[in-house]
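Structures incoming, each one as structure tokens.
In the two assemblies presented below, chain A is common to both, partnered first by chain B and then by chain C.
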Partner chain A sequence: MSDSFAAEFARARAVAWKDLTTERRSKAGFNAVVSLALTILLLFGFALGPDSGAVRAAAPGALWLAALFASVLAFGRSFQVELDGGALEMLLLYPGSRRAIYVGKLLANLAFVGLLIAIVVVASMVLFQVTIPRAWPAVLGIIGLGAVGVTALGTFYAAIASRSRAREVLLPLLLFPMLVPVLLAAVQGTKALMAGDLMNEAGAWISLLAGFDLLFLLAGFLAFDAVIDA
Partner chain B sequence: MLVCGALAQLGERLVCNQEVIGSIPIRSTRLLEIDTAISTSLAIDARRVARRFGSRWVLTGASLSVAPGEAVGLIGENGSGKSTLLRILCTLLRPTAGDAAVFGFDVRQSARDVRRLVGFFPPAPGMYEELTARENLEFVRRMGEQPSASPDAALEEVGLAGLADQRVRGFSSGMLRRLALARLRMLRPRLLLLDEPYNNLDTAGIALVNATIRETVSGGGSALVVVHDTASAAPVLTRWFGLRGGRVAPEELPA
Partner chain C sequence: MTTTRQETDVIAPPAPGRWRLFGVFAIASLVVAQVVAVVISPPDRDMGHLQKIMYVHFPIALNMFVCYLVVLIGSVRYLMLRSERADLLAASAAEVGAVMTGLTLALGMLWAKPTWGVWWAWDPRLTSTLVLFLLATAYLALRAFVDDPERRATWSATVGILGALNVPIVYMSVRWWRTLHQVQSSPSSLDPEYVIGVRLNLTAVLLVTVYLIHSRYAAALTERAAENRAMAAALGANHGG
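For the complex of A and B:
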């Protein structure tokens, strides 16, 4: 290892800073992503009708699907910024490990998706008349783990899609099937906790989610160098 | 020497690549190894390099040697493979066949070392529109590992000091080219790979490009410059090559 961990982490932080500064200033991306998430929630509300019980039961699924669909736009944008004006080529030419780019983009996307999910959770509680569950720290844990899993995969597949001309179509096609385990564990875990975890199943879903997160983070980190190469 | 060696080892342990203790810059052993390689190898040694995109062969066996201290021009028709050759030399593309090395480092096997040595100046500026000029260069400083000039000094050199805090979004194409030139000057690469560097530049900008080439060459570095505007480049380039049919051949210096 010619580069120290500290030097690589400093590069990752630089990439995250650059991405977050760009997003904060352009605003268009975040506004569009949040608007899409809220629209999806509203559509779910209309589709489920006035039955408050059914609406409440569907809240965890609606929450996660809205966050997931909206996040895909965010992942696509994180590499679109690099493609505009040829910045990706310059980014790839820095001598450090390209994994620092993955970690940097992952951190920026995690902040972005975390904020998005926070907004979606609040909107879901209002729209679907959900009260704060007693096990709210565990719900926060599941939301955090779900956000990490979605972001780890989303960032990785956005990098793969960025090397293709059909990137807008390719990203959801590649990403959604891979997200099924994360989605399943996150929705079922959230649902169990909101219902009071009568069957003591939340722990198993949390463990599964944590396992997938670890797997996806490791796979993304190790394979990024190969997928970003032309 | 003993003290320097001990400090270099300490620097390696502390930050690995470059650390400053007091005012003494410490270079890593890897960078010292690279310095040794630079002094004993050709700046560019490309042998029968071929590259295919789909079924179309762009390069069919391009061979080119450039010695340290040389600045050479590469001319050819549109689509002849000039930019492809530059991208192979800076590790952005892999050759389909053949070998290429930069200061002795193979572009496939030692891509990271090659990237430490080359400075690529592409037609697109590669800047982030929402960042200011200074922030763009600050990002370059944080991502690079070689000793480099400060963003402010680089902006001063290219005449953009007065626009340091303006977002790049409003810059003209010529200003963007100058900013890209500032990035190149900050990194102080040993091998300049310039792809149409004079595009959209005024007389002062052209002089800046030529000054950058001269400074690099006078410091023992080299430059390979892809140009259509041979008149702008002629004062600083010593040899010319043409790229035709996927192969490189010497060209007469344009009158």
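For the complex of A and C:
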């Protein structure tokens, strides 16, 4: 911890910028992941429809599951790209804390997943005929907090799973049970707000999401050193 | 793989000692507890003999948390001291814990079918136990998919700690989601005639849990000691040649 906070943050930003630049120049990864999310949404429509009432009621759940399944691929990719190029060792050789790598990857993944979720939200509103609820700022807050929770753990577990055997299975196996509170809070909170939040429960779900995010951002940040060095 | 090997604290296999005797005692106490619970205590007024499941269901559910506590302690110890023994202890407790969680679920379902009329209900305690089972499965899968012992130990320790941190949050979120389970059993909510059976079973299951964790731990130590010895021999041969 000899370096100042500003220097560490500059490193994190450099890692994030590098990841996003790679992604922006090829676009193949992002396009594939978004197409997959849209396909999953469509399949949910087929599985639950064609009754528009049932489809509309299931929209928040379908939205989050599509986002979750698609973003797992994004997390896996963010470390896989490094490993394929033999770049992770180089990244670790640079001076500064390992935590800058976690924060950088986290920021890049957050941008990636944030954009993915934005597209999925718009698509599901169109496909599932959802009207914009009056409490839309709170819904946006839930989406943001949910994205942070998913990304904090997703980035951390991807650092582990991408370097093990059977990584395609291991990442969702590790990640999904951990994300049960995020999924419940995001879906139930969104559902409550869409119905006018008559039971005043949305606030509780939002605090749960915020607490979850804080706890696992901190835990991921603290544990990343040990995990990436192993 | 690429990491340098650290000093290990697993050198020799453990001496068997008196653990076999302890095991016999643990199994015997489990049998005695069943005799007291099934034969001596009266059937429940509403549930009849079905209620006997509670004598094993509740103690196994409680001891499942003992297992996960050992996983947590072993994981923290590993990260602090880099002690391979702590890692193997956590792994052994996780295996026993996963079995206990599976048993808790299975026994609960056997009881639920005649009582609630369904095998499964999306009740907070059931659902969070299932999530706990999946977390334990993921922990064990991670261990199976990583070969380097040091890497496996570090990764599974962090996964174990994060999982343990999440357990209360999972429980709370599922409880807010819905509620159906009957109030948790404790000696104070039971008729005195049942308390002795429960207490005996709690003790017996705890003894069996300790014995199972120890057996698994002793096996893991033996295995690692053999591997370490083989590696030391190979390194020695290299130096000599």
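Operating definition for what follows: the second predicted complex is superposed on the first by the 230 of 230 C-alpha atoms of A that agree within 3 Å, B and C clash if a C-alpha of one lies under 4 Å from a C-alpha of the other, contacts with A are read in each partner's own complex, and residues count from 1 in each chain.
Basically, a residue touches a chain if its C-beta (ideal position, glycine included) is under 8 Å from a C-beta of that chain, and two chains touch if they have at least 3 such contacts.
Note that the structure is a prediction, hence the values are computed from the model and not measured.
Contacts of A:Ala67 after superposition on the shared chain: neither chain B nor chain C is touched. After overlaying the two complexes on the shared chain, residue contacts for A:Thr21 are found with chain B alone; chain C is out of touch. When the two structures are aligned on the shared chain, A:Ala166 is found in touch with chain C, with no touch to chain B. Within the superposed three-chain model, A:Ala59 lies out of touch with both chain B and chain C [touch as defined at top]. Residues 89, 229-230 of chain A are contacted both by chain B in one complex and by chain C in the other. On the side of chain A, the complex with chain B involves touching residues 2-4, 6-7, 10-11, 13-15, 17-18, 21-22, 25-26, 81, 84-97, 229-230. Partner chain A is touched in their complex by these residues of chain C: 2-3, 79, 131, 134-135, 137-138, 141-142, 145-148, 150-151, 154-155, 157-159, 161-163, 165-166, 169-170, 172-174, 176-177. Across the complex, chain A is touched by residues 15-17, 28, 30, 90-94, 112-113, 115-116, 118, 120, 122-131, 135, 139, 142-146, 167, 183 of chain B.
Interface residues of chain A, counted against chain C in their complex, comprise 89, 153, 156-157, 160-161, 163-166, 169-170, 173-174, 176-178, 180-181, 184-185, 188, 201, 204-205, 208, 211-212, 215-216, 219, 223, 226-227, 229-230.
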